[in-house]
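Here chain A shows up in two complexes: once beside chain B, once beside chain C.
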Partner chain A sequence: MAVDNELKIELGKQGVFVTTIEELYNWGRRSSVWPMQFGLACCAIEMIATTMARYDLARFGAEVFRPSPRQADLMIISGTVTKKMAPQVVRLYNQMAEPRYVIAMGACAISGGPFKQGYNVLKGIDRYIPVDVHIPGCPPRPEALIQAFMTLQKKIDEQPLTGADRPRHLDAEAQGEFPVPEPGEHDLEPTSNPGVWTVPVVIR
Partner chain B sequence: MRTVEEIKAAIEAAVPDAGVTLVMNPSPAAQHSLLLQPEKAVAVATFLRDSPELAFDYLSNVTGVDWLDKEIAEKVKVTKSVTKTVDGVEQTVDETVEETQKRVEPGYLEAVYHLYSVALKDGPLVIRMRTANRTDKIEMPSLTPVWRGAEFQEREVFDLYGIVFAGHPDLRRILMWDGFKDHPMRKDYVEPDDFEYEPTAHDEVLKRAQERQASRD
Partner chain C sequence: MASNPYFSLAVLFVAALGFGLAPLGLAWVWARVFSPKKPNAVKNSIYECGLESKGDAWMQFRSAYYLYAIIFLIFDVEAVFLLPFAVAFTGLSAAACAAMLVFVLMLVEGLAWAWAKGILTWA
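For the complex of A and B:
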């Protein structure tokens, strides 16, 4: 049950702090999103810049880049996902504990980018794993990554803990493990996970 | 810097029956190259590396080229005996007719090596080797025993063009995965048909995307 905002401010002036479990829970999740230390290509350089003193991602509670997927909450797909690398990316995502989030950073990660019509690059990581925030750019500026991070925080903040819109980790029925594509004779098999990605309808 | 002609003469003097051919480059770059016979390639390469006058001790680049089968149409003058009626009398006359003849020149796969001499500050020298055809006779000798730097690059040429380097110490795919069957840089490579979604399609891709869309509707 939501607390009336004005009442909350009024009580705050009197020294009474009122909140809900949902608010507290989401505040905790959004304020300590630990990304995985994981870079794929040139976008990773921008990601590193974002964490350094000038842009300082630590201001948003994401300063600790974890070297293990077991300790990480956020996977920043920073760069080109080749078809050879894609199974490993999905496997790493499977190894992360819930709640977990994905930011697809840069043109390559969201669509294949300039390599889309090549033989070796995956046409977007959202074909295999659910992506929370997509950032275009080649590479995106650190500001864009911060924007994406803030968008993710907003998204976490707005998640209800019950009901149909609750996050995946609170839903016992939800799919927890995503099938890892197998390298086939000509392409990855399958070429996408239909549970995650369907062909967008293009109106021409 | 020696010219390729001089280097060719030096090779021919040192290696008997080397069979080196000059491949001229008519462009302003004029970077002519030497075509080696596969049987003699290792001997020639060893000479290029070890001869103190040439000392090509550094292999900077190995790459592949895919030359498709070429259909050549030539106009040939053919003399034929034709029976004609001239002035009411039947005569056999030799007549010269121009005919277009077509012949297919078989394609081949080519490996190109760029050599430098660090000791003599010389280079690049471009040497080439060709396979007999593009399908089954795709072997050529590896130059990795001569220049160790060729190892990964020959693996890459094997991966992307499918040239089999005989004598290579570790000939595996290097960029694509092991179970992959195609050679993507070959000109007749058919890429996987996964353009089901293309927001800014054009030309061939647009055609395919529209076909896919039509099959979904």
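For the complex of A and C:
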């Protein structure tokens, strides 16, 4: 940060507003995150409630749920991802505009949740796409989704525009395409994307 | 030129045009210069709710649907003209009423034709 934080507050009291390009840029980014309008299961009902008048996600600049991935930069995985749905979710993620973020909402999106033993349930969407914020709950309450959203905003706010930690859209080398899994004979193929998820070693 | 009574109108027209075109131009410049581009085959493919699109969007419709279009027009055009006719009814001359009657009868004839042809029976 170019200006000392205390100095900034002191200047603010005197009516002088100081900022940096990075701060301004990140303020714009975090205040206009547009989620994609798509729900997978019961968590979607909580997601809908979050956008309505009582919880009012519009306070955070995210009320514009876009019906097309071209205009969205936040994907809220709201519910159980079945193996039938997973390729579509990954394809939609690929079609979203950069920079894009993912919130895994609820136990199912994180790990398969109560349906983890199910033959047709994906055990966590982070096997295929990078997840920024996980919220536990079954389903998480709207407050939890707002908490996740604020966490994401904080994450965006803290990203430096240069250096190794810069956001993915400013990094020309960063991966843009995430392979879409294909339904195989017994499972999705590949069963996970090694670029974003490492298969845990089971020790018996 | 400034004394022309239409001068202010021209100024407003140019301003209105600017209001329309400036955001488009800015959006274009933004997309060209600043927007992060990470194109790939999946991203550039047609958006079809996450599914891969199948077939061609330029499909043909059955020409038999023209019948529904005609029936729609009969009622639609009739409603459009009947309302002003009803509003102005008390002040109309006999000739105007007769003209309207001819018009309505023409439409009724169309309806009778459709009825006789059996289009109104569903499936």
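Of note:
Here is the rule we go by: the second predicted complex is superposed on the first by the 198 of 204 C-alpha atoms of A that agree within 3 Å, B and C clash if a C-alpha of one lies under 4 Å from a C-alpha of the other, contacts with A are read in each partner's own complex, and residues count from 1 in each chain.
Here, a residue touches a chain if its C-beta (ideal position, glycine included) is under 8 Å from a C-beta of that chain, and two chains touch if they have at least 3 such contacts.
No experiment lies behind these values; they were computed from the predicted model shown.
Contacts of A:Pro200 after superposition on the shared chain: chain B is touched, whereas chain C is not.
Within the superposed three-chain model, A:Asp187 lies in touch with chain B and out of touch with chain C [touch as defined at top].
In the superposition on chain A, A:Lys123 makes contact with chain B only, while chain C stays out of contact range.
Judged by the touch definition given at the top, the superposed model places A:Ser68 against chain C, while chain B stays out of reach. Of the two partner chains placed by the overlay, neither chain B nor chain C lies in contact with A:Glu143. In the superposed pair of complexes, A:Asp56 makes contact with neither chain B nor chain C.
Shared contact residues of chain A, touching chain B in one structure and chain C in the other, are absent. Contacts from chain B toward chain A in the complex involve residues 175-177, 179-182, 184, 189, 191-192, 194-199, 205, 209-210, 212-213, 216. Every residue of chain A that touches chain B in the complex is listed here, in rising order: 83-84, 117, 119-120, 123, 183-187, 191, 199-200, 202, 204.
Residues of chain C touching chain A in their complex: 36-43, 45, 47, 49-52. Residues of chain A that touch chain C in their complex: 68-70, 87-89, 91-92, 94-95, 98-99, 169-170, 174, 176-177, 180.
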